[in-house]
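Each in structure tokens, the structures are laid out below.
Each of the next two complexes has chain A plus one other chain: chain B in the first, chain C in the second.
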Partner chain A sequence: MAHFDENAKPFSHQWLNERLAIDTLQRVLSTEYWIPKNINFLWAMGMVLAATFGILLISGIFLLMYYQPNTNLAFDSVNYTIMTEVGYGWLWRHIHGVGASVVFLIIYIHMFTGIYYGSYKRGRELIWISGMLLFVLFSAEAFSGYMLPWGQMSYWAGMVITNLFSGGSLHADGLVEWIRGDYVPAQAFLGRFFMLHVLLLPLVIIGAIVFHFGTLRIPHVNNQDGEEFDFDEAARLYKEGKKKESKVIPFNPVFLSKDVFVMGIYFIFFFYLVFYHFEFAMDPVNFDPADGLKTPAHIYPEWYFLWSYEILRPFSTNVGLIAFAIAQVIFFLLPFLDRSPNVAPASRRGKFKFWFWAMLIDMIVLTFMGKLPPEGAWSTIGLIAALVFFALWIALPIITKSEKKL
Partner chain B sequence: MKELKIFGIVAAFTLILYWGVEPFAHSQMHKHVEGHNLVYDGKADIEEASKDKKEAKKKFWAEVKEIAKLKGDPVAGEATYAMCAGCHMEGAANMGGVTPPSLDHAGAIYDKNFLIALIKNPAMATNVDHKYKDTSTHPMGSISSMVSAPQDIANVVAYLKAKKAGEVTPKEAYIEACGRCHANRYGKLTQLGEIPKTKSNIKTGQDIEKMKYDQKVAEEQAALADYLGKLPPDLSIIYRARSEHFLHTFVENPQSQLAGTAMPRTGLDHEGMEKVMAYLEETGDPSKPARDALGPYVLIFFVIFTILAYLWKKSQWKDLH
Partner chain C sequence: MSNRRDFMGMALGGFTALGGIGALYAMKRTWDPLPSVKSAGFTTIDLKDYKENVLATEKWRGKPVFVLKQTKEMIEKAKKNGELKRLIKVNDDYYMVAVGLCTHLGCIPGYNPADESFLCACHGGMYDSTAMVTKAPPPRGLDIPPFKIDGTKLVLGETGPEYEKMLADGTTMKV
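== the complex of A and B ==
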């Protein structure tokens, strides 16, 4: 058995150390968790995401105290009770709404940072895969949350998205009804999405964040040059006081101080949106109460789903569904489809550089087209952008395989 | 500096993304309707009218223009107004599907030309004549036979503009111009006006007065739905569900946004529009004053936070390079 000093005062440093190994924990997780020195503010996006998730969690808990998961009461509990009767209810709601939208902006920046610097390769595959898991979980969390105000867009987006599960000409209507718990979105539907949004998905997300952090510990984060070096050696130099020569810095307090500074700038932006520009995050159509008899003129998802929605739309039902399904999972495969031996910023990787920018721009085009009515030139552009999306994925292994080792 | 360059690229893509999914998408999704600055001369009505109606509309609005040139006498108008008061009175009952609204501030919230047109022919003035074979069957349609001489019309309108034009609150403007059709539950209004305070019986827990009131509201709504083909929507939060531009142009001329709709033009003038919109904002976006009050403090807090964080970062990074 371990040694416990009987004279140690309860909750004193020694007492805690013997029971929890707090010194070791602190060393492993923070003061000797080494981060490369050669990184830019994009490496703070992970902590910005963690902070935004925290904000969503806290604001969500406040909203949960007054929200009513009942199809007759939900709309007014959000739009009236929380917005007018609850002290600062409007603030929590706008924080939650803006947070839900902005978190995706940061997720996309974080993802494209990873793609640009090749941070999903050689030892970092699990970081990428756990990250994608978080993306899928956040998508489910956002979608389930969008159902809760029970406005027109909640109802009709719920209708359209659950309809996808009928699998086109498979006509799996039974599956759709099973998901909804009814023939159409109604009380059972709202109740289960409420449960998912406030309990199951947040729990799984917390687990997935822990997993994501765990996958980072051994490979460490990448750096601006994709340089591979000996972390132990660099850490030794740092500890010896040769900070200038060392290629690493400890997470706490050195890198953290930069994280916090970047977060400060982010919070200014975030709260500017919360107070003066929140409308972009709350679709006007959802301020009409759900009405199963009145289909809105335009049904579209929130902006962060538009690119994949546009991959669904331009094709016939079956092809569209298959394309959509592939688009949902294809990013998981990135570490295996990129066959290049190099871990380096895209700018130094020849054809991959063009692949990166083409993918980014194509997804932005898809996003634009996903919101526009599918008519005339818009649907042609959407179709082309969707085809380009797949062409790029097919090209990826080919162009990366021929990449010369740097 | 390299980091600033990277930041610039991220910011540029973010702004492009925003532009595409918000301003640009919305400009393409909604039909653009020009407002007419609350001038009621029938221009849009004539343009949008079907061929067989064009001539009648032209003639109608030309006559309105003629009457508008006459000088009205408010004193003589008061006598004629008695006819109006026969229907527009305190506690008026539903007639033909709708309850005549109070005219207490009609001179302030309605446009002069519109009022003239309304008295000449309510269905034509409100641009819902497509609903009627014979426009005199409009609930207020009999007025055209009661007050038909141009001078009489000019006189009543002069009377309204002189004597029914006191200071009007946003809520009063809403109740008079929209309230007979549109409830506003966040403002505690039904089509019958403000919801009265009632008490439940302590012994039974039942509120009989409220039940009676609810029944009256239900009957009024049923009548409205019969008259208009559907129950007009509650406008509690319409302010966030529609753009301000839509609300302005829709209220100015509902047909231009929703061809064939049963909603009549309400003929608001600038003051009326401003007051009605103020009320819609009050019920639909009540947190605006609180936001404006708190926002600067929160932002200042984070600016200071960021400055301190920057100083901390500088001190931590000073001997790294």
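== the complex of A and C ==
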């Protein structure tokens, strides 16, 4: 049995150390968790995401106390009770709505930072895959949350997205009805998406975040040059006081202080949106209560789903569905489709530099086209951008295979 | 020793798997549509109430159902295009009765009586007055709900011989 000092005062440092090993925990999880020095502000996006998730969780808890998951009451419980009666209810709603939108902006920045610096390669594949899993989970969380106010956009987005599961010509209408628990989105549908949004998906997300952190531990965080160095040696130098010579800093307090600075700037932007520009996250169409007998003139998803929506749209049903399904999973395969051995920023990787910027610009074009009505020239540009998206993925293994080793 | 452990491992694993399968089945059944949802799936309409080329929208299983009494010209056109089989004949009148959800992704198309055609605003699909598709992306005409003719009345949700014939010759899909 372990040694317990009888004279240790309850809850004193020694008393806790003997029971919980708090010194070891702190060392392993923060003061001796080593982060490379050679990084920039983009490396703070992970903690910015964690903080945004925390804010979504807290605002969600307060919304949950007054929200009614009932098709007759849901719309009013949000737009009347929470918005006009509950003290500061509007604050939680606007934080939650803005947070749900901004979290995707940061996720995309976080993803493209990883792509630019090759942070998905050579030992870091699981970081990328667990991150993509989080992207899919956040998408499901955003979609299920979007159902809850039970406005026109909630209802019709629910109708269109669940219809995707009929699989086009497969006509799996039984599956669609099973997912909805009814012939159309109704009480059973709202009830189960409410459960998914407030319990099951957040639980899975928290688990996936822990897993994502776990995948980082052994390969370590990448750096601006993709340089591979001996972390043990660098840590030894740091602990000996040769902080200047060492290539690493401890997560806490050194890296975290930088993170907190970036977070400070981020939260100025975040709360500016919450207080002065929350309307960008509040679609006016969703301020009409759900009506199964009236479709809104244009149905479009929130901005962060527009690029994949635009990949669905220009094709016939079956081709569109297949294209859409591929677009949803293709990013998972990035570590295996990139055949180059180089871990380096895109700017030093020859043709990959152009691939990176072409992909980024193409996804921005798809996003804009997804918002515009599918008519005339917009339709054509959307189709070309969707084809370019697939052409880029086909080209990726070819151009990275021929890349010169740095 | 090892055999005894193996046996206990397999026995434990087997019973756990059995319980797991049972639990999965219960979970699947919990997500099924409720009996009350299933049994509310019938709507009766009286075809006498409709006027030619005026689109009426009824509600069946929470979905809109279009009813369009056909004009003489529409019937002629449908005959020419071989789409008469899509219409329901009661006495000497023909009616287009179809689920008003676009077969692409389920938006409600709008009717333009001047053109005698439907346009879905979501992705630009078009249908003629028999609700047959005339412009992609919808893969097929609007689906016809199960119906039974009862005098001049139509019971939506029940299956009559006329509907069975439509199913058999592929005029409509099962909804």
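By definition in this document, the second predicted complex is superposed on the first by the 406 of 406 C-alpha atoms of A that agree within 3 Å, B and C clash if a C-alpha of one lies under 4 Å from a C-alpha of the other, contacts with A are read in each partner's own complex, and residues count from 1 in each chain.
The working rule: a contact is a pair of C-beta atoms (placed from the backbone, for glycine too) under 8 Å apart; a residue touches a chain by one contact, two chains touch by 3 or more.
In this text the structure is predicted, and so the values were computed from the model without any measurement.
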item: Overlay on chain A: chain C relative to chain B, clash or fit; value: fit
item: First (chain B), second (chain C), both or neither touched by A:G181; value: second
item: Touching partner for A:P253 - first (chain B), second (chain C), both, neither; value: first
item: Which superposed partner A:L406 touches (first chain B, second chain C, both, neither); value: neither
item: Partner chain(s) touched by A:L20 [first = chain B, second = chain C, both, neither]; value: neither
item: Touch count on chain A, higher of chain B and chain C; value: B
item: Partner chain in contact with A:T317 - chain B first, chain C second, else both or neither; value: second
item: Partner chain(s) touched by A:I109 [first = chain B, second = chain C, both, neither]; value: first
item: First (chain B), second (chain C), both or neither touched by A:H298; value: both
item: Touched partner set for A:K244, first chain B, second chain C, both or neither; value: first
item: Inter-chain angle, chain B to chain C through the CA centre of chain A, in degrees rounded to a multiple of 10; value: 60
item: Closest approach of chain C to chain B (Cα atoms, Å); value: 11
item: Residues of chain A at both interfaces, chain B in one complex, chain C in the other; value: 297-298
item: Residue numbers on chain A that touch chain C, as the complex places them; value: 156, 159-160, 163-164, 168-169, 171, 173, 177-184, 186, 188, 192, 292-295, 297-299, 313, 315-318, 320, 374-375
item: Interfacial residue positions of chain A with respect to chain B in the complex; value: 37, 40-42, 76, 79-80, 83-84, 90-91, 94, 105, 109, 243-244, 249, 253-254, 257-258, 260-261, 263-265, 267-268, 271-272, 274-276, 279-280, 282, 284-285, 287-288, 297-298, 303, 306, 360, 364, 367-368, 371-373, 378
item: Chain A partner contacts - residues on chain B that touch it in the complex; value: 2-3, 6-7, 10, 13-14, 16-18, 20-22, 24-25, 28-29, 185-186, 233, 236-238, 240-243, 284, 286-287, 290-292, 294-295, 298-299, 302-303, 305-307, 309-310, 312-313, 315-317, 319-321
item: Touching residues on chain C, where the partner in the complex is chain A; value: 28, 31-34, 37, 41, 57, 59, 61-64, 104-108, 121-124, 136-139, 173-175
